[in-house]
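Quick one: the structure is below, and I'll ask about it shortly.
The chains carry the letters A, B and C, assigned in the order they are written, with residues numbered from 1 in each.
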């Protein structure tokens, strides 16, 4: 294990210890939302950041995960722990089915295709009241028990989602350091060139899609169990899809830790803005929109690369000044 | 015989870009493909490398029919190519660009990096390995094209105008590299406009015009071939 | 008779969709930007129309002239101030810049007008003409007439004028157009302006029929995306037919299945088109779906 890994590991340990130190429910709630969005954005990042397939339909899988496990729980009493596995499988299959037509499309057309699929599912969910309860949404009865994945204490939710995030990050880390990461980046940059270098681009895009949608579905199950109530608009809406992509992009798409950084910026920013302008309806989102435009224009590759650069400037003066050093060299030190 | 192109045609909505062309390439040969602009040279490469499906005809590689197989499969089988219009992976480093190619034959990252560094030294890009692809000059991007294709460890390398747009001293640097590759056992088919280059390094030359092969032979034979002179003087004088 | 009635109201409704989508398609085809704020420009046009009506007593059809000009200028400002600086940036920047703009405009409207539904009252609002026993709403008929006129004008402009040809050249072959001396940036500016002017006109035509509220744009922009894909990118008249098609589908679906399913149906048609002919039903161009951002 190299020096470079110590920082994230320490951070994860500190994060895990946090609930022991404080039990402020408001802060805990925000932290859980940050970790949740960091997980989903990390999942999106595999397809959108590494693979360059800018999906704006990931809410579909978030909602699909939530509905799958919850409907199984409500109708058949199936424990969400089992429902979780089924939800992931359902989301992976849905991802494959959606990938087949949409991967034929490139650039903005792919993005539009993903939006369309998410919209279909949102409207079907609204319409199919017998199964989904339509716009009334689904309510899970508050009966705390481990089997039902319903906890009285926030800590358990916190640890659960932290664990999910750590696992997701390890997976992204593995992809980043292996053939798959390189292949996805090559696909992002130029699909034809990638193909002539021996990359089965359809296979790798599909793999990225499946991993990405599986993680998003898992996060959806967690959301359902944490909130105990959701409706089509709160899980399937396009705003969720754009928020997921935005978090990854602002943090740094195509980097391991970028989406986590993005979640720690965007979720609190939303909270702060909401608290800052309680009187004027819309003011918070107005400011949010302006900040968003400014940030994406000033830092098209996200904030993480900039922070890394500063870090290198301060702590690695001797190396970076003369020649610079590749990412690869740094890691193998 | 490593490559055999049999009566291959490619028609785009009535336009016969390649029309009934046949030629073959022996192992460790350097074969030049020349012809005026729009003669169908790049299309021919696209057909051999699997980037485009043929309209008719067959292509054999190492005795196996490979017609219309996908580009990535052909790369695995040992056909590497460069693009005339360079396609660097723009936002990742030069080293990572080449590593993508190296993963064709190696699954380990360390192995891929090691091979890529050697190749970068060979093509003279080692010092620039940390720069991102887009930041290179055109000459260096052409080198990168070659490096990426080499990293896939091809048996047959298709070079599409790797010298176009380079100045004479840059051309002089790249020529020995091509000869060296042949010495390492790689068979090379090269599309080139610079006659001087083709004449010096090629063992044989295939001349195409309007999608058809009009002549084939040693550089000396080609230089004196009446059809070739006619084709070139008729369309464009790129001789001088 | 019922079906015929539905068909006609669908075509009339589709005219408005066509107008919105032609604007979006102009921007997508020429500037190669998905303008997620396109629906918000529609919303702005309708609020302007409301303001002209409420404060100046001006009929929406009269104020349309001013609104088209204002929206054209807004388009120029957007292109110059927001899009031009990011033309070389990654696709994600372009998507989120216009998404950000849509959030800003939506909430600006919310701050100014609150979430109320605003509408205008005109003498002809509920007028109906009877054609062979089929009742046709006058404002819808007027808006459809305007759409036809605009389609013809736009066709003449793109085919017959130098500027129009330059716009088409840029949308087909950006690089080549640049090489033959077309000022590509200027064309982008113009295309964006025309795109927003078209949606401005659509807003004016919609005002006598619909109410305006801050999030109105979101639903219309999704329809416009569907229409553009159906018609084929860069194919201005494909967007016209696509718009009519979606209008008819929406009306028929409402009658045959259920109004709640109309979105599902046209999104499914959209997906089928993607599967079968990704370049759009009405497109002639090959590989236009491959044109990246």
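One rule holds in what follows: a residue touches a chain if its C-beta (ideal position, glycine included) is under 8 Å from a C-beta of that chain, and two chains touch if they have at least 3 such contacts.
Molecules present, by chain and UniProt name: A, C = Branched-chain amino acid ABC transporter permease; B = ABC transporter ATP-binding protein.
In this text the structure is predicted, and so the values were computed from the model without any measurement.
Judged by the touch criterion defined above, the protein chains link up one after another in an open path, with no loop closing it.
Innermost chain of the displayed assembly, by C-alpha centre distance to the whole-protein C-alpha centre, is A. Averaging Cα coordinates per chain places chain A and chain C 32 Å apart. If you average the CA atoms of chain B and of chain C, the two centres end up 47 Å from each other. Inter-chain spacing, taken between the CA centroids of chain A and chain B, is 42 Å.
Residue positions 301 of chain A each touch two or more of the other chains.
Shown for chain C are the residues in touch with two or more other chains, of which there are none. Every residue of chain A that touches chain B in the complex is listed here, in rising order: 177-179, 182-183, 185-186, 189-190, 192-201, 301, 323-328, 332.
Within the complex, the chain C residues that touch chain A are 28, 32, 34, 82, 85-86, 89-93, 95-97, 99-104, 106-111, 114-115, 214, 218, 222, 225-226, 228-229, 233, 258, 260-261, 263-264, 267-268, 270-271, 274-275, 278, 289-293. For chain A in complex with chain C, the residues that touch the partner chain are 48, 52, 54, 56, 101-102, 104-109, 111-113, 115-117, 119-120, 123-124, 126-127, 238, 242, 245-246, 249, 253, 280-286, 288-290, 292-293, 296-297, 300-301.
Those residues of chain B lying in contact with chain A across their complex are 49-51, 70-72, 75-76, 80-81, 83, 87-93, 95-96, 99-101, 103-104, 107, 109-110, 112-113, 127, 129-131, 133, 148-149, 151-152.
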